[in-house]
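Next come two complexes built around chain A: one with chain B, the other with chain C.
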Partner chain A sequence: MKTKAMIAEVKRWLENCTVDIFLGYKMVLNHPLPHCFGKENIEEVDDLIIGPARYSLEKIATHIAAAKPDIKIGMMARDCNQRALNVLLIWNQLQPEHVQTVNVNCCPSSLKKHGDCSYLEPQPPGAYKQRVGVDNRLSSQEVERFSPPERLSRWMYEFQKCIKCYGCRNICPVCFCKECSLEHKELIGTGTLPPEAPIFHLIRAIHMAGRCIDCGLCEDACPVDIPLRSLYRKVNEIVATVFDYETGSSPDQSPLNILGETVTLEPKPI
Partner chain B sequence: MTIKRITFLQELLNFLGLGGRVHLAWISSAEAQKFVQVVTDFTEKIRALGPNPLQQRQHIRGLHYEDKGDDSRSQAMA
Partner chain C sequence: MQCKFVPSVCSYCGTGCGVLFEVIDGKIRSTLPMKTHPVNEGKLCIKGWNLHEHVNSFLRLKQPLVKTFGRFIRSDWEEAIQITAERFREIIEKYGPDAIGVLVSAKITNEENYLAQKFARAVIGTNNVDHCARL
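And now, the complex of A and B:
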């Protein structure tokens, strides 16, 4: 959708109360920042932009919905936002009747054909990282070509760089737990650096099973360039093969949300 | 469900190069022989794999840490 058509559509939505607020992007001091457009300042909608900027707008939507459950939220959505919304609806973080989306094209990209974002296409790493680490451009099959001890050594090189900034978790559109295991006193502990590798990273990887929609924002946010996307892609591959569940596109509840088989027997009277 | 979850864990650990160190078996309390067999086999398998590489100092290729016992990092790993 072109910007002009989108501005008109959003104005219409706000005016006839299809949505109460609209989440999009606005240029602030030459930076495209996420912005919440409302009916009170409807002329602001003229500043709405479509650009390469990406942020987990659906995460902002869940925070708003948690505070005001009845609010109707409109948002700009790319393919990755749609997948994230799917997951959030499945996990009851948002009500489908309270969310409206304006679909926009994926980041302007020559790579659209394989569903990737140009914005997140990793840069070729330096020679040292290529020698001892995991190249962010490698697919999981290419990583598996290394022998197991070499794989461990390469992943440990990546994990030991971690400064435990929690950037991957904070940007993640599908990280919504009230209590995060990554801040659990016994599991991880807070206040110590560096984090225990690879436990810290494995806990997050396990928790991404059935949730990660491969938006790549975590890897983009990571200040030390850990190839998180390859790791979580592998997690999703395993979920697809073992549980036969396609995260993000499947309308069913995640198999990992079920604690066990459903009880079929009625409890007997004592 | 358990077997799927454990398969998931095994596959993920294998991806990181720590494969073969998790085993799942169903053994009834009446199956003492099976219990002995499973534990013996798994012990043999683990012995062949050697000590947990995460308990040892990480020798990242081309990166060699000084091997000092009082290194706080090694204590964190242990």
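And now, the complex of A and C:
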């Protein structure tokens, strides 16, 4: 949807109470920042932009819904936001009847060429990283062409750069657990840098199975450029081949959800 | 229901990373890196990611304390500044202005640092100004 049409639509939604608030973007001090538009300042909606930067609006929506469960939230959604929203709805973090989206263009990816978001293709890495690390532009098939010992040493190079900022988890739209395994003393030792590798990254990777919607925000937020996206893509490739579950687009609960009485883990029929 | 996004600069070190506070009903719910900020380009370290925790901490000091007979007693700004000024004056009269040193910080702005050195030189009358980033 174009900006003008979107502004008109959002104004209509706020006026006729389809939504109570709308999460979009606005230029503030020359920065495109997320903004919460409300009925009280409806003329402000004229400043609504699609914005070149991308924040996890759906994660903000879960915070708002946690503070006020009955509020009706509208939000601007690129493809990645939509996929994340699907996952959050499946995991009961938001109520489907309380969320409305306006769909806008998404970032360039192998699926869609046209886009105007901040996440472009990763930059080509420097010579040293190319020689000993994992190029962020490689697909998981390309990474698998390295021999296993070489692949391990390349991944270990990447993991050992980690400064344990927890940025990958904090920015992740589908990370909502109250207790996080990454802070669990008995799983990962505390008080050292880099964190215990590769266990720190692999625990997170395993938890991304059936959750990660490949939005790329984690890699974008990583201060040391660990190719997290390749890692989580690999994990979800396994989920797709073994369980026939496409994270973000399948409408059902993830096969790895074992909360409750019954285990839903069923491999794909061969 | 009020939800605001407040851009700011991380106060933990002198780098000056751009952060964005997510404020829900007057309380900072989380800190995000500013994606378009020229300094940090959408990245933060662990301290920046947790800025809101020290703002929300119940241990946070919200008013001045004055040490009286070895104990810290809650006070207001006017009284605290008055007592500090009186003590400064006593020290300067007795030992001279060089008995006082002013330590400024990498975490505060250039303008605040400028004011602090101006205070040291013009008000107190000493060149004893130093900075944590000079280590």
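Note that the second predicted complex is superposed on the first by the 242 of 270 C-alpha atoms of A that agree within 3 Å, B and C clash if a C-alpha of one lies under 4 Å from a C-alpha of the other, contacts with A are read in each partner's own complex, and residues count from 1 in each chain.
Note that in this section a residue touches a chain if its C-beta (ideal position, glycine included) is under 8 Å from a C-beta of that chain, and two chains touch if they have at least 3 such contacts.
These figures come from a predicted structure and were not determined experimentally.
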{"item": "Touched partner set for A:Pro32, first chain B, second chain C, both or neither", "value": "second"}
{"item": "First (chain B), second (chain C), both or neither touched by A:Tyr166", "value": "second"}
{"item": "Touching partner for A:Ile206 - first (chain B), second (chain C), both, neither", "value": "first"}
{"item": "First (chain B), second (chain C), both or neither touched by A:Pro251", "value": "neither"}
{"item": "Contacts of A:Ala67 with chain B and chain C, given as first, second, both or neither", "value": "second"}
{"item": "First (chain B), second (chain C), both or neither touched by A:Val235", "value": "first"}
{"item": "Touching partner for A:Arg154 - first (chain B), second (chain C), both, neither", "value": "first"}
{"item": "Chain B versus chain C as contact partner of A:Tyr55, first or second or both or neither", "value": "second"}
{"item": "Contact residues of chain A, present in both the chain B and the chain C interface", "value": "none"}
{"item": "Complex interface listing, chain C residues touching chain A", "value": "1, 3-5, 7, 18, 20, 22, 24-25, 29-30, 32-37, 42-46, 48-49"}
{"item": "Touching residues (chain side chain A, partner chain B) in the complex", "value": "128, 131-132, 140, 143-144, 146-157, 160, 192, 194, 196, 198, 202, 205-206, 209, 231, 234-235, 238-239, 242-243, 255-256, 258, 260-261"}
{"item": "Interfacial residue positions of chain A with respect to chain C in the complex", "value": "20-21, 28-29, 31-36, 52-55, 60, 63-64, 67-68, 71, 118, 163-167, 170-171, 220-223"}
{"item": "List of chain B residues in touch with chain A within their complex", "value": "1, 4-5, 7-9, 11-12, 14-19, 53-54, 58-63, 73, 76-77"}
